[in-house]
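Take a look at these structures.
What follows is chain A paired twice: with chain B in the first complex and chain C in the second.
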Partner chain A sequence: MPLRRWARSSAAALALPVLLAYLFFVMSRSVDALEDNWLSATVLVSSAAVLAAGPVCAAAGAWEGARLARGGVDDAAAVRSRAAILAWSLLPVLGAALVALLGGLALAGVAMAGVAGLPDPLVLAVALLVITAWTLAGFAAGRHLHPLVGVPLLLVGTWLWLACPAALETFWVRHLTGNNLGFCCETHTVYDRRALYAQAVVAVSLAGAAYLAWSRRRGARPAWAGIAGLPLVAVAVAFPLVRDMGPEAQVPRTSGLACGRSDGVEVCVWREREKRLGTAALIAVPAARRLAAGTGLPAPRRVTEGPATGGASWRFAMPPGAKPDDVLFGLATGLLPAEPPVCGPGWSGADAHGPLSAWLALKAGAGQDAVERRTGPRSTGAARRALGLPAAEQVRWFRHNLDALRRCDVSPSEVTLP
Partner chain B sequence: MRTWLRVHRAAQVCGALALTAGLVAAVGDVLVPVPGLAVEDLAGVPVALVAPLAASSVLVRGALAGAGGLEAAAVRPVLAYRTGMVAVVCALSLVMALVVTVPYAAAAARNLVGFTGLAALAALPRGRRRDAATAAPAAYLVAAMLLGRPGAGSWWDWPVEPSPHPATWVVPAACLGFGLAAPVLARLRPGRRPRRRG
Partner chain C sequence: MPISFEGCAFGYRRGTRVFTRLDLDVPAGRTALIGPNGCGKSTLLGLAASALRPRAGRVSYQGLDPFRRGNLARYRALVGWMPQRVRPLPGLTAREQVGYAGWLMGMSHGLAWRRSLEALEAVELGPVADTRCAELSGGQLRRVGLAQTLVHDAEVVLLDEPTAGLDPEQRERFRGIVARIGERGHLIVSTHETADLAETYDSVVVLDGDRVRYAGPVAGLGAASESTRKV
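Then we have the complex of A and B:
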């Protein structure tokens, strides 16, 4: 068949404008909120592509599957394999999905101009796998269902499977769909690969079951075993991968730092922010020295945006648009415990968090107005009162209240204004 | 009549209606996040408003099933059977919505009427495969999700309006009424012979 006629006669010709419009619509709502890393752009593109192309390609698959069934491929003498017959109908639909995905990547590329890095190929590959699986599911449904039933059922059914789990409080379901909620990740986090592997397992099993359902000969019992068994295998493999995951598939990032030395201290930022390494060193190193002197803690040998132990290495953050006061506040509050201790009701240690944050930020050199905006006037007032104490008294006040934040049996001291 | 019901998949239509009713009762109030052009935040569409598309598609498939040529020459009033089947199912959904106290039941019944009416309208132009009826209800639903602004003044975006206030019934009822009446009226026009369909 001539290629143009082959492509024009496919449902993909109708599906492509629809899914392109929906993809650009979904992306346009979020492209301004992208983080300064390519992973967030890749996840947005893959999420929009799956949400737009998944249902539309499934519906197009149901249409094409019904066309093949109406054409009599089940009953006619075979001149080519079932896989070849399927491929000639499947390729235009998948081609439309690929065009949409590349269009989304082009849009993301414009938004990410100047950000170092490349799209994550694994995220994109899983997105294509999910779209292929749903398209095959459409072909399988189309073999048995009239388009009047198959097309709306696949369109809405696939969309519900992709969109609905985001509204459920059972978090693990959302990590199986491939939708990825449209957002991941901040620069200090990476996508949890377990979710990608689980999505790939579900997609492969769906594709396998759908292919068996489409290609099985009438009355062939072994095919039914595969059609029923593959989803069970997928659940058995994918569920343990995502069972313990929270609402978002983010885990802390541990690699990808760009480091330099300044005044004897190693300063590290994420490699996407390498251009700002000098500025970061100028702000963070003197502030770290001021904090060490003010709190009596040993001066750090390393200040970093990456993992920090809290002893010899301190943590800070320098996201795009951050002002020096924001960087100082982040460095100062990085000295406080990230999580409260597990105490019973009546624990009052949390009262110390605001005054300690304000005191540390002021010690680091942050402006009073910026500190008050972040911690509130009461916390800043308590911090100012503590700053009026002699240096040794201030260190004692800091250590006591730091203990109150870490332990259940210590109450905060002098953290409220009279 | 029994043969007609079997050819027009009456059992499947009943099954789909029961399944949809169960779905609306069980998870109808789950909100599915949908990005909309007309609203800033993600709007949530209850599953109950989307589920009737499944029952509607099975109903329309059942109503349009059968050999057109045979039915055009049939002695029995098959057009009345078909119109009656669609009307009875829609009426049944309305009765169920009135009887049960399930959230969004009335809106779900309205959407069943509306989707069926849209498909009936789309199937009016004579064509063997009725391609437009395949996509029209789903396309209208997606358009309403993207462009609709549910609220007190809703009328055209009834598929995403959770409350069944009277204005939202106008378009669905008109679609169903016209979609069912048009073939009957065409049959009643004097001097016009029904066209043979291939």
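Then we have the complex of A and C:
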């Protein structure tokens, strides 16, 4: 029978509009926040597609499974293999999921117009794998459930599995569901591959168990060992991969920089921002020199958006829409510790953060208004008072307060003008 | 070449034993399978269709035992089976249903789709080919089931009580179609109707509680009077 004819009678005909509407609803809340990297666009599309297509395709699968059972195909003495029957039945449903995914990519493509790069194929492949697994699970369940029970059960159940773990404190669970690349990735981060592998393992086992559950002949001894064993094996394989991961499946990005030299300093930006390398150099290199002179630190040999290792590299960020003051503020505060020390109660070092940030930003050349907007009037006032000190005093003040941010036994120093 | 049942044993899971040892050769031509309710007529057809697997013994046609490695698809491609209850897939038209059945029996999509119309015309359903199965009458639905068994040119056609529940006119029409099919090869029909056996069938098999009471030409059935009375 022609595919067009088959698709007409398939649950996909109903599922596709629902799927597209839900996908665009999910995506429309985030598509405006896309910046300039295709990875975050890919993750937005894939997560939205999984969240939308997973439940809808599982429900459509349940309908198709029930349809075949009601049509007596389970009992037919067919020449076609069970796998071929299943594949033909689910082809329109999975086709609908693919159309939805491509639609989401098209929407993201509009938002990302002009940004260099391509969608990440691995992320998309895992998304399709997760959707396929849930479609198969629905299909297997549909063989045994009346559609009035199976369709809503799979729709709601799958949605709960995909959406709810993101709210759980037990982080590893959320990395298994297939929907938790949801907040990945800003330009300076990439996804943690372990999360994708774990999701793929769980999806493959779910698909395998579903296939076993569906393909066994009626009246035959159920392949319970496989049906129950596969998910257990999957958890045993996937759990160690994600056990130590935090709430987000992302790690710092280490590659993909575009670099140039300016005044003897190497300047690096993410390759997506290569067009702005010259502007970045014009802002960051003189600011780095001013900061080095003001703080007594050695001048950096490299200013970079990527990882900065050792004192010779300083970090800055130049996201789309960033103004020079934003770049300067980022470069300045990049000199401060990223994490507070592990101290007991009563640690007062945090009080030094605001004044130091303001002082460094002003030293870098940021405007007073911009600094005050970011750090508040008290911190800016303290920074201005510090700037009134002799240069050597300022360096001492900076070092002391930097120690206060790094150590538990140093208190921030007040600034009192003579 | 006959369809052979050699020492076949079969029972359903719930404990009912249908056959303990069935030995039977069904010759080519039109064969009626008769016997009281529950004697195993449908089971025998299910075994012949390879939809059921014997617990012991074997079924074979042209030397092919469907449950020997690598034989199942080849065997099934030779057989068309219409179960007692024809259950179309929800949403399909008659032609789509028959085309899908052809594809299930190993035909390509294109070929199955082309042949589906011929099969429907052979059972006089050409005019309703594009009507959804849900809108067809019981008799028409049976004929859709029959077209499903014909679409892939099966050498062996197995029909399980094809005329049960049909009104006399539909039954007569169905009998005519069945008679035509029987000229092509093996046709085994399980039935409760014994009035016109001689006109419609070449041979008859009488089953009675795990035993073959009679298997042979319809003409010889009269001699087995005891069996006939029971039927």
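As a working rule, the second predicted complex is superposed on the first by the 406 of 418 C-alpha atoms of A that agree within 3 Å, B and C clash if a C-alpha of one lies under 4 Å from a C-alpha of the other, contacts with A are read in each partner's own complex, and residues count from 1 in each chain.
Methods note: contacts are C-beta pairs under 8 Å (C-beta built on N, C-alpha and C of every residue); 3 or more make two chains touch, one makes a residue touch a chain.
In this text, all values refer to a predicted model and were calculated from it rather than measured experimentally.
Aligning the two structures on chain A places chain B and chain C side by side, free of any clash.
Note on the composite model: angle chain B-chain A-chain C, taken at the C-alpha centres, equals 50°, rounded to the nearest 10. Of the two partner chains placed around the shared chain by superposition, neither chain B nor chain C is touched by A:338.
Legend: residue contacts after superposition of the two complexes on their common chain; A:118 is shown touching neither chain B nor chain C. Look at A:392: by the touch rule set out above, it reaches neither chain B nor chain C.
By the touch criterion defined above, A:168 lies against chain B but remains apart from chain C after alignment on the C-alpha atoms of chain A. Of the two partner chains placed around the shared chain by superposition, chain C is the only one that A:5 touches, whereas chain B remains out of contact. In the superposed model, A:146 lies in contact with chain B only, and not with chain C. In the superposition on chain A, A:110 makes contact with neither chain B nor chain C. Applying the stated contact rule after C-alpha superposition, one finds that A:75 touches chain C and leaves chain B untouched. Between chain B and chain C, the minimal CA-CA distance in the chain A superposition rounds to 9 Å.
Of the residues of chain A, not a single one touches chain B in one of the two structures and chain C in the other. Touching chain A in their complex are the following residues of chain B: 30-35, 37, 44, 47, 50, 53-54, 56-58, 60-61, 64-65, 119, 129-131, 133-135, 137-138, 141, 146.
The touching residues of chain A, counted against chain B in their complex, run 22, 25-26, 29, 59, 63, 146-149, 151-153, 155-157, 160, 163-164, 166-168.
Taken in their complex, chain A has these residues touching chain C: 1-3, 5-6, 9-10, 67-68, 70-73, 75-80, 85, 88, 219.
On the side of chain C, the complex with chain A involves touching residues 12-13, 49-51, 73, 76-77, 79, 81, 83, 85-92, 96, 99-101, 103-106, 109-110, 112-113, 116.
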